[in-house]
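The block underneath contains the structure these notes are about, expressed in structure tokens.
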Amino acid sequence: MNWLNWLDQFIEVLVALAAAPLLLGWVNMCRAWLQNRSAPSLLQPYRGIRKLLHKDAVLAHNASSLFRIAPYIIFGTMVAAAAMIPMLGTRLPFTAAADAIALVGLFAAARMFLSLAAMDVGTAFGTLGARREMMVGFLAEPTLLMVIFVASLMTATTALPLIAENLAAAQLAIHPSLLFTAVAFAMVMLAENARIPVDNPATHLELTMIHEAMLLEYSARHLALMEWAAALKLFNYACIGLALFVPWGLASNGDPIRLGLAIVLLAGKLAVIGAGLALIETLSAKLRVFRAPEFLATAFLLAVLGLLVRLLQVAR
Amino acid sequence: MNTIPLDLQIVNALAALLLLLSFSMLSQRRIVSLVNLLAMQGLLLTVATLMVAWRTGETHLYLSGLLTFALKVLFLPWLLHRLIRRLEVYWDTEPLLNIPGTMLVGVLIVVFAFGLAQPIAELASETTRNSIGIAVAVILLSFLMMITRSKAMSQVVGFLSMENGLFFGAMSTTRGMPMVVELGIALDILVAMLVLGVFFFQIREQFDSLDLHHLESLKEGD
Amino acid sequence: MEFLLLLGTPLAGAIWLGFFGAKRRAPDVNVGLSLITFIAACALTARVIEHGDVLVGREQFFIDPFNVFLVTLTAFVGLTTSLFSRPYMRIERDHGKLSSRQLKLYHSMYQLFMATMLIALTTNNLGLMWVAMEAATLSTVLLVTLYRTPAALEAGWKYFILCGVGIAQALFGTILLYFAAEKVLGNSGVDALLWTHLNQVKAQLEPSVLSLAFVFLLVGYGTKVGLAPLHNWLPDAHAEGPTPISAVLSGLLLNVAIYAVVRCKILVEGSLGSTLPSNMLMGFGLLSVVLASLFLWRQRDIKRLFAYSSIEHMGIVTFAFGMGGPVANFAALLHMTVHSLTKSAIFFTVGHAVQKSGSQQMDDIRGLVTTNPTIGWGLMLGSLAILGMPPFGVFASEFLILTTAMQQQPWATPILLLSLAVAFAAIFGRVQPMVFGETQGKRLPHPPALLPVFAHLALVLMLGLYIPPYLAEWYRAAARLIGGE
Amino acid sequence: MLLRASRRPGGAPESALTTLLALVTAWLAIGLAGLIRPRSLEFAGRALFVAGAVVGLLLAIVAAMSIALPAESVVLPIGLPDLPVHLRRDALSSVFLFLLGSASVGISLFAAGYFRSGEGTLPGVLCLEYHLFLAAMAMVLLADDAYAFMVAWETMALSSYFLVTTQHRIPEIRRAGFLYLLIAHVGAIAILLAFGILQGGSWQFTFDAMRGAQLPPIWAFAAFALALFGFGAKAGLVPMHVWLPEAHPAAPSPVSALMSGVMLKTAIYGMLRITFDLIGTPTWWWGLIPLGLGLFTALYGVIFAATQSDMKRLLAYSSIENIGILFTGIGLAIVFHGVGMDAMAALALIAVLYHAINHAFMKSLLFLSTGAVLHATGERNLGHLGGLIHRMPWVAWLTLVGVLAIAGLPPLNGFVSEWLLLQAFLLAHEVPKPFVNMLLPLGAALLVLSAALAGYVMVKFYGIVFLGQPREAALHDAHDASVLERVGLVWLAAGCVLLGLLPAQIVPMLAGVVADLGINASAAVTSAQSWWMLAPLPARSISYAPLVFTLAVVSAVLVTVLVGRLVYRRRTRRADPWDCGYERINPRMQDTAEGFGQPIRHLFQPFFAMDRELPSPFDRAPRYRVVVFDRLWRLLYLPIERIVQRAANAVSVLQQGRISAYLLYSFVTLIVLLASVL
């Protein structure tokens, strides 16, 4: 029932688009609770986006067209990325077209456009943010890839859905190597999504900010797209994590009932992840920017360690 | 042990004398007497050549004997004496290796030369048993002299006594070279001497002395 | 007939120029004589190609595959050099470095030198060969000291004494050879020194005598080849003489000397049947290459630089002859050819470069291409060629030599290659700044004659890409001859 | 199988090779034609280069069509008497000829618009050198005996040396040229030695003889090591890389493009030729050497690229990185082939070939764009550039393609080859060698790291040159590239895109090449492969379909734009940049090249030898200066020079000018020799 797979694919993208800000809202809510502030509404991100969409756009005089198209490209790539990640089912038609390496490449492309756009206007903060973003990226990207490699070594494929499927099918529930990689992945996820301890989404303190610094010159619809893309990114990473480490409950074929179940399950998993994220952010303190590479280098080494452990098992 | 005919004994005696002369050259410091010794060498050479010529009856040896006489006994010494007088170089300065040392090395060289000549002597006609060895010895000794002397003039004398050694070798081993060659060689030596004469004056007017220490500017080490 | 022309022209010319060498047309006469010589050489070559070897003058002179191409080469380079020296000497006189008397001397000696070399090449009589070699030395001594500067005198003196002594050893070697030959050929005297006869009976010659003879001959003629450690006269003489003489010295005289060595080697090897001569040649060759490449490293004077490079290449040739065998001999002959062509071309450009900058110090010579592109490119291409850069012919011969070395003397190959690399760094590092960069040189009073340069380089280039069949045949025949068949 | 299918039988046997030869001669003729009117820029500098581009195009077409044809060879009546020039065209040469031709099209067109009068060498001479360079590279690829190969190889080095020293008045350029030629020559010597070993006692220096020769393993390894040294020196493998960052900035941009894009690949070709064709059966552990060196080189190059502030040096170091990647692939292929995992070996080799072609296109593109910038601004230093996207949009947008491609981003070509190589690496743990199979996959980690760093480098390069505010007033009147230049750039950019989109068409061809090298590639390219999807190794379900992928991304972007148009009704106006409300922002406030290098310098401290000048708080006019050196220069090259110098000094003592000493030498020599025969 091929058309069902197509339906599955379609639904998945829609869900990602719709639910991404929700996840963001949930994380912020949890954080507020943990820091016993009065929490913003769960829908706050949506309101933000709607507000931005009703404003006039202001562009710097020397902003080039690269600056203007960047938001669309970034948003588009994030949507496309969502299509590659098994969120509900593993029988995605898109699987054959792009594997995990392509996915990481896609993230990298988004990052490059973001940084270039940030450098375009040529303000102090923009370039500073771009540099820091790339600095985080050149360590986070290989780490993510390593994490995926470990999984693909176990499953003899680099296609994310198949990885997830095989992992779910495997008898052994907990792979020791996956423990290392899980930690590494968590660290990357924090770094990539501009979370404490690497970055603080809620600050505009120039010495510390990374992601916000790049958005400074954006306004209105561009800004809205950027925010939304950021939310999507978080959502995607969360789903990658789920696919790699708790792959159970994905619909192995596209029939509606299991799809429905999968949606519910996904919501549950995401809720937990969001809470966990908030917890980490509350407990840990923001690092100095110079320390960020060391943080990520640790993550990279952890991933490599995971790989070694895996190979050790194979060798034996 | 058959008795060696007289003339051969004479040739050998001359050979011995030749060796003696080159030794005395090695020890001699006065340039004028060096030249005289050279002339005596030439004389010995002539006599030896004539002896061999008389014995073998080769006409061209008589010729080369006369040539030798003219060139080495008369012309060259005369030329050198003239140069000495014109350039006022009578004494050689202290040689680079002192006389006894030079003599010692000389003795070693003679031993070596004789050893070297052994295989050839086996083949040589009985005329010239040890004269080959002596010829080699003379050549090497004059070589040594050229090394140790530091005046241009004495080097030239060394060079010429080397030529003498060569001639003696040629004469004693092979009763001289073919005539063409003999003439050519003689011509070469003659020209060489003339060139040298020119040289001496040029050097003299450049450095107003014939001391070879002036001729050490072209070198690699600095 | 050609023979008389070949040897007579330069002799007569030497005498004539000795009297009228200072006339305004004297350079042109010089060129004309060289041209006649060259034509004679070509005619002779043609004859040899048609009828094979030639023996003339009561067997005193002969042409066989080995010396015929050397004769042609000598005559050719002699011609081009005389062409080059026309403007060069004019400029020297305009710069007031030479009087007309010296010019007279120069022209007459130049022809005499050519004559002696041709005799040494063509004579069949080893004694005459010695005489000619000595004469060549004498005629060039006066040319080396032409400028009468202290340095020139010193160089001349060293040249005279060292080569004189060396040559004397060669004479003794010849005597010993004669001695041994007599035992076989009987006491007929005259033809006991004829190479052709010796070559027929070489197997019967007494080995012990011949080995001694070879040592003396090697040391004697080796001094003129410039084999280390007998080479010490060579850089001085090259650096202090007038440039055309440097060109013919390293382009031709060295060849002739090596020719003499090889002639003797053929006989001795035939008699000994041992590898002794080969080993000696290889030893000398290798030593020369290594030492020369190291000396190159610290040169400041441009002519000394290329003099040492000549030593290096003579070392390569000697090594190749030492290895022997058809390929190595072939390569060695080819290397002699390309080396003399290239090196003389280099000296031509160097001469003009020195005249422009008024100094032989390489630090004073700068930016040749900017003021005088032809000189600059000539020097650059020439140096690259002599350094064994393809597609020039030097690479072809070095390729053959190196590959043969890998085959026969593997241990020697790395040494050779390292020395070549060092030489490359040394020479090229010096040449580049002279050719490129800013300049302060002045124009020359007379237009330089650079036709010879590019003629030579073109030939070398051709030999690198394509060796005409008859030439190759020639080399092969010579190689066989040297191989002793 | 598919590659059987791709081997079209028939087709005139000799035709391809003879045609190629004719084209090479045409290049030579064009070069010589430059000497007819050497001073005329219009003729020698424009028309002839366009003609050269046409020849290049034909060459590329012929080569591409001849890839599937069986090998053909011819013997020319030139060269050495006993060793006439043998030429041979097989699949491998065809691929690299295609690379040469296709890349040269763009470069020649650009060059036709690039050269201005009054730049050092005359246009005519330049034209000669340039086309001689092209022809020599072609001959290297066609040569089938050692002599022809060496001649072509050194001619290539020589002509490129003259091209590098076009502006020979500048001392640095002369120094660069010298260093380049010297290292090239030393490498050539090593290659010659390798051939000397390879002929294996037959003393035939044709490649056929070498193929036939049976070498004892140790000698085979010696040949391999020498070849690695020689070709590594040409390719810029660390530690023989020092000439590269000097020579590339020195050369005129089209030349740098040609050298970096094409010439370095001839070294890769040589390596493949010797390893897989002439030696034939490499032992598996040999592969570890190029693998290790390659990984180190890749990391080394990209790290140094990140710290450069001269845009052409930056690109040169990036070339070093890519060379490292290529050698890594070769090493991996050797290991796989050695242990009999031919499918994986084929995969790795395909990746190598593919990356070679890719790099030719993208690096040429980038070097040419720096040339355009150089002409427009006269600046090479990143510190004085910026904001050029407004003044030269053509160059800027085309460069963006190259930047994204070389950063290895999908769907462009750089990604495809890295994807293939990574897939190969992911299988490395199956190598049946204890310990090695654990270390190999870690190579993937380093590979990915350097790829990510390449992204960093490229953002720095593009952002600082083309984006932001101009750092100098002069940049405001920078002009865009001329028409011919644009055409050249467009050609190369198009190549990047197409190579990225059509791997499914290209990989089977390359598989044929690999099979030609005696590696059974049939398993690597499956029948499951369709015209739109790249799916090597049927056993694993790995696949990549750039067309679909691109379609998805592009459609997503377009939909976003459309929806944006629909829902958004507000106006857009221009204002001053906000920058947290700070008014008086000036270009100096932007991040500098050094600033961009800082994190890398911080993180990879041990690689660099830096000398830094930090301002104290009380400085009147505080200045910050940092210069980054190559440690290897001091650790390796200077010592060698010192050793030779010492030896020379020692020897020079022999010649103190004393004639008696000289006589003594002769005397001693005589005595010694006499004693020896006694």
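Going by the order they are written in, the chains are A, B, C and D; count residues from 1 in each one.
Everything that follows uses one rule, which is that contacts are C-beta pairs under 8 Å (C-beta built on N, C-alpha and C of every residue); 3 or more make two chains touch, one makes a residue touch a chain.
What you see is a predicted model, and the numbers here were worked out from it, not measured in a lab.
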(message) My parser should flag the chain pair with the most contacts; which pair should that be?
(response) A-D
(request) Could you grab the centroid distance between chain A and chain D? Build each centroid from C-alpha atoms only and quote it in angstrom. (result) 35
(message) I'd like the Å distance between the centres of chain C and chain D, where a centre is the mean of that chain's Cα atoms.
(response) 44
(request) Return the distance between the CA-based centres of chain A and chain B, expressed in whole Å. (result) 102
(request) Compute the distance, rounded to whole Å, between the mean C-alpha positions of chain A and chain C. (result) 79
(request) Would you please write down the residue numbers of chain D that are in contact with two or more other chains? (result) 651-652, 654-655, 659, 663, 666, 670, 674
(request) Two or more other chains in contact with one residue: find those residues in chain B. (result) 116, 143, 146, 155, 215-218, 220
(request) Give the pairs of chains that touch; include all such pairs. (result) A-D, B-C, B-D, C-D
(message) Going by the contact rule set out above, which residues of chain B touch chain D in the complex?
(response) 96, 112, 115-116, 140, 143-144, 146-150, 155, 212, 215-222
(request) Report the residues of chain C in contact with chain D in the complex, numbered from low to high. (result) 157-158, 161-162, 165-166, 169, 211-212, 214-216, 218-219, 223, 229-230, 232-233, 276, 280, 291, 294-295, 297-298, 327, 367, 369-370, 384, 387, 389-391, 395-396, 399-400, 402-403, 406-407, 413, 417, 420-422, 424-425, 428-429, 432-433, 436-438, 464-467, 469, 472, 476
(request) Using the touch rule from the top, collect the residues of chain C that touch chain B in their complex. (result) 60, 125, 127-128, 130-131, 134-135, 138, 141-142, 145, 148, 150-151, 153-158, 160-161, 164-165, 168-169, 171-172, 174-176, 178-179, 182-183, 189-190, 192-193, 206, 208-209, 212, 235-236, 239-240, 295, 298
(request) Over in the complex, which chain B residues touch chain C? Could you list them? (result) 116, 119-120, 123-124, 135-136, 139, 143, 146, 152, 155, 159, 162-163, 166, 169-170, 173-174, 177-178, 180-181, 184-185, 187-188, 191-192, 195-196, 198-199, 202-203, 206-207, 214-218, 220
(message) Which stretch or stretches of chain D touch chain B in the complex?
(response) 651-660, 663-664, 666-667, 670-671, 674-675, 678
